[in-house]
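Shared chain: chain A. Partners: chain B in the first complex, chain C in the second.
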Partner chain A sequence: MPSILRTARANRWHYAYLFILPILALFGLFRIYPSIQTLAYSFFDINLVSKVFKPVGLKNFLLLARDNTFQKAVGNTVIFAVWIVVASTAIGLVLASLFTSKMRAAGLFKAVYFAPFITSTVAAAVVWTFLYNPRFGLFNSLLQLAGLPTRGWISSSKDALASIIIFSIWKTIGYNMIIFIAGLQNVPDSFHEAAIIDGAGGIRRFFSISIPLVAPTTIFVVMYNTILALKVFDQVFVLTAGGPADATTVVVLQIYKQAFENYRFGYAASMAFVLFVLVISITILQYRLSRRWETSF
Partner chain B sequence: MRKALLCLVLLLLVPALLVMAADKKKLVFWYPAGEITATSMPFRDGSNPWAAFEAANNCQVEVVAIDYDTMQQKVFTALAGGKAPDIAMIDFSWMGGFIKDGALAAIPDADAKAWMSSVSPETVAISDWGGGKMYGFSTWGVDAYALTWNKEMFKEAGLDPNVAPKYWADFRAYSKKTAVADSSGKLTRVGYAIRHLGQPHGIVDKWHWLLVGAGMQLNTDPFALKGGSSKINTADTRAGLQMAHDMVWVDKSTSLDFPDPRQCLLTKIASMQISELVSIQVRAPKEAPDLQWGFAPPPAMRAGVDPKVQVAAWNYSVFNQSKEKNLALKAVAWFNNQVNDYTQAKKYNSTPRYKANWASDPFVSAPNTKAFMDLLKYATTYPRSLALNGILDAVGAAVPKVLHNEAAVADALAEAETKANEAIAAVQ
Partner chain C sequence: MRGTTPAAAVGRALILLFLAVFGVLMVMPFYWMVTSSLQTPQNLVAYPPKWWPAPAVLMHYRAALAKAPFLLYYRNSLIVAAISVGASILFGLFAGYAFAIYSFPLKGFFFILILATLMVPIQVTSVSLYILMAKFNWIDTFLGILAPDLASAFGMFLISQSIKGMPMDLIHAARIDGAGEIRIVLTIIGPLVKSVIATAGLILFIESWNDFLWPVIIINSERLRTIPVGVAFFKDPYDINFGPLMAATSIATVPMIAAYLFVQKYIIKGIASTGLKF
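What follows is the complex of A and B.
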């Protein structure tokens, strides 16, 4: 009997595989199979009403390369992802540092910052459409009270993407904060005590001890937020539907529009495949960079 | 013994009741929710307009409200999943796409012929899909896009409250005169309320008077289901869209910060707007009972050029997927018969479709009937192209880009023309 099989039998690996088989089967059925099917669809023109599948080769991908709106969507998605990852990670880490220190009512503040994360994105976005209203919204009212010029927010093509980014940061900092709290709590107190003895202040300890020692947590938060940000849809659909004038269109929204508004399922599938390649590439790159960063500490 | 007898009776009765209930056929009917079209009022005011049909045909019509902005997608998704409703109110601009996919049932020839010979000319114009073929019955209260204005605001600005601007130049001047700004220069009332966000087809509807009035041709062959071409990027359409842009950014007589144009007129934060006349007619008595308003054809480009009044309507259409197709076709024919047309148009203060109803009171002697008929002299309809969906998407994307300074007029219209012609080529 080959050695690997002997080892497997000795370690009873077959039981382990048997236990994870159901979840692997579901993963295959609901994740792997649809992904392969989507790639296959991208080589067809599809009419789901008449059930006609016409093979078109690489035509959908060639059209994609010339599609200005899709290129704008990719650009907007990348800009959105960069802002969300950087801002919500940084703010989450700062908040976590504050709330792991012994401050009063830390529990209450944690709940307040975490609440947006557990709120339905669609419901929250609907409320924010009123907050962003240029005529009677709260934000412009506050700007007027402060004597500042009002903004168009989601009605203005210049402000709309920033408005969605602000909403998304508000929505995600709570989750990042909780993850970082868990990470910071694993940093031994002795490191901080030693640093205090050596005369290091709070900020110095934050940059020299907390940040390096929560590197694994930071890597996870960055990768998780990157993947989520690249797939953004809900808040864009509710707040602006990709407008005004495609100013906030993102990749997943374009996939939705091509599939369900223009009935071009094959073309939408080609976009979905491009997004899949983009997400996988960025994730692999981040993973490789993070391994280097981790080992340097 | 008694208990056993009771159980036996129940055991026999319950299945019998279930069978009786199952005998009652069911039709599912979808309509657009909210204030999108005044013609959905019968389904929003608590009455059951299908009651008589249900009683006469031992059936039940389940009425379902669907959000307008996602209705087209929901209908298509339902079709793709084999779960389409039996009947739906379909926006005229969507019909080409559904007909192209074989989704809509043709109205039986006899019913179509009877309809065409009984209804007014503008209703015939929007019902005919070539050779007298129909794929739905258009609703009462035809959407005729008129300029509506607040007479008090005109008077306040020193303008004749009973006379609308006739040409683009006057219209622009009227908008400047009737706009009101506060001390910081921020508009509190626009001269002309505009549509610049949302469903592209809705945007084209609201700017049709300007673009088609400037000679834009969505399809050079208006009755061809396939073929033709779009002529969008012309000198006159560029001039028209540039004027719209300049009204926002140069004149500052209108703004991107105001809500739906009809809402603006009814809440008195706009002095003029151009949209479906029937919307204001039906909504004003309830939402703005003291509003003194007038209507007229939209302004024409210049002297010697006719204004353009877009005429369209929602349609009661039956889907080929319907398991009760014959009953559904019977239902839409009944719903749109002469008696119901008269009753509903009268109840909702709107306009009928049948010539005989137009000749009856209150319509024949209504003070606005002549003005409405004058409006219809300039009626134009969308082309019958199966690519209409794509054409309207292209144009509807170009207008907001210009209004929001995302693209120059020439670039936006050139792109729209390219995309519209690609859509036409795709249905060859």
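What follows is the complex of A and C.
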């Protein structure tokens, strides 16, 4: 028997390949192949009814460069991502640092803060359309009770993006908080105790102990929130459907509309490819920056 | 040492108060959803707002159930989540075992290839996946809904990491006793990593249950709608009758929230220890 076969049998290669075959086949067909096709389809005009795939070169990308709505969508997505990353990460960290292991009702608070995150975004956003309603919504009622001017919320192009951002912060801070609590638990108590002896107050300790020592967690949370924000779709679809007048449209909503409302699959594929480049380059950039940042401590 | 002075006690009380007030704000949308679903039409839109549904009426639930088949949506969501989680865990267990225990050519390549799929979200592939589904004639079928979610790189990775920490002696002993590899995976390794399987299963279940973009793309007919798709189409942009809408979202979310209250400790612990996903 040739030695390669002996090695194969001794190491049970046949089982190894048999065991990874299902996941490889499924991913190859339904994830990897479509990923490659996304780029390929960007160079076609596609009519799914007549099954005509007409190569058009760079036409879709040239159109994209002049598509004001798409540029608005990219801009909104970036604004949304910056807000979610900064606000949701900061609030998550502050909330987490208020938790101590000995605190009463810590479990209850965690459960409450985390509840929005496990709730369906669609269902929660539908509830918020009621809260945000300018005439009958709770938010305007409360503003009115407080003697403050009411707002248009999701029905005003001025407030709509901010409304989506507020909803999304509510939806995600619980997750960030839970991750930060886990990260802070790895900071040894002795650090805080030593700082207390040195007379450092709570706020001082937060900035000079918690923030630097929890940096690896922060990097994870920032990267996770960035990617989540770039993919935003559900709450925009429900709260505003991109309106009023494209004020809140985002990249994935544009992909959805071009492909499944206008049936311009090739054009939508070119948008999807831009999203892919956006996700990958921001991930790599953050990874690079975080490496530099981590080594500076 | 810490927290013995009166000042520290006041500080802790203030923190508790702050967390409590913030907590009330966090649950307010849920509270408002449920109480609104029970208000009379007049009280629902009353100013100043009515904080308690008195009298409580069930008319909005009747209207919601008459307008949309929520039982069917639940059935569909359960079928999709059960198959997707079951298949993901089963394939993840076998592949996780293979990557943790065997050494074979291209092992590193395949491992990275599987994990790399996490970098390409469904938002990017949805258009070309839809075209593929059209070629398969899988549009508007359960197979179409399930296709991208029958395996999970995340689940496979978690299971593989926990198998790696296991003593090889166990597997050697089982082999000497004449157990085949498939039996070893199912009857020895599976039970040993059951807590990781439970964690991954819970996270994948929630993810599948709340999934919206792919289902809304691939589902055309009412009979296949999952809960999020059903709720999204229940909302009529030209009808501002919020009573039935709040009843519909209550029907869609309250059972899940109730279930969450029972397993929240495990979910939170699982998410804190595994990070990632959703």
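Keep in mind that, in the parts below, the second predicted complex is superposed on the first by the 264 of 297 C-alpha atoms of A that agree within 3 Å, B and C clash if a C-alpha of one lies under 4 Å from a C-alpha of the other, contacts with A are read in each partner's own complex, and residues count from 1 in each chain.
The rule we apply is simple: a residue touches a chain if its C-beta (ideal position, glycine included) is under 8 Å from a C-beta of that chain, and two chains touch if they have at least 3 such contacts.
Being a predicted model, the structure only gives us computed values, none of them experimental.
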Taking the superposition on A as described, I'd like to know which of chain B and chain C A:I196 touches: first, second, both or neither.
second
Would you check which partner chain A:T77 touches, where first means chain B only, second means chain C only, and both and neither mean what they say?
neither
State whether A:S157 touches chain B only (first), chain C only (second), both chains, or neither.
first
Which holds for A:V238: it touches chain B only (first), chain C only (second), both, or neither?
second
In the overlaid three-chain picture, which partner chain does A:L48 touch, first (chain B) or second (chain C), both, or neither?
both
Touching partner for A:T218 - first (chain B), second (chain C), both, neither
neither
Which partner, chain B or chain C, touches more chain A residues:
C
Using the superposition on chain A described above, determine whether A:S168 touches chain B (first), chain C (second), both, or neither.
neither
Looking at the overlay, what does A:Y263 touch: chain B (first), chain C (second), both, or neither?
first
Can you list the residues of chain A that touch chain B in one structure and chain C in the other?
48, 135, 241, 260
Chain A touches which residues of chain B in the complex?
69, 72-73, 76-77, 79-80, 97, 101-103, 186, 196-198, 256-259, 389-390, 393, 397, 400-401, 403-407, 415
If we count contacts the way the header does, which residues on chain A are in touch with chain C in the complex?
11-13, 15-17, 19-20, 22-24, 26-27, 29-35, 37-38, 40-41, 46, 48, 95, 98, 103-105, 107, 109-124, 126-131, 133, 135-136, 138, 141-142, 144-145, 170, 174-175, 178-179, 181-182, 192-193, 196, 202, 220, 224, 227-228, 231, 233-234, 237-238, 241, 252, 255-256, 259-260, 265, 268-269, 272-273, 275-276, 279-280, 283
Spell out the residues on chain C that touch chain A in their complex, using ranges where they run on.
1-2, 11-12, 15-16, 18-20, 22-23, 26-30, 32-33, 36, 44-45, 47-49, 91-92, 94-95, 97-99, 102-105, 107, 110, 113-114, 117, 119-121, 123-132, 134, 147-148, 150-151, 153, 156, 181, 185, 206, 209-210, 212-213, 216-217, 227-229, 231-232, 234-235, 237, 240, 242, 245-246, 248-249, 252-253, 256-257, 260-261, 264-265, 267-268, 271-273, 275-276, 278
Parts of chain A lying in touch with chain B, wherever the complex brings them together
47-50, 68, 134-135, 150, 152, 155-157, 241, 243-247, 260-263
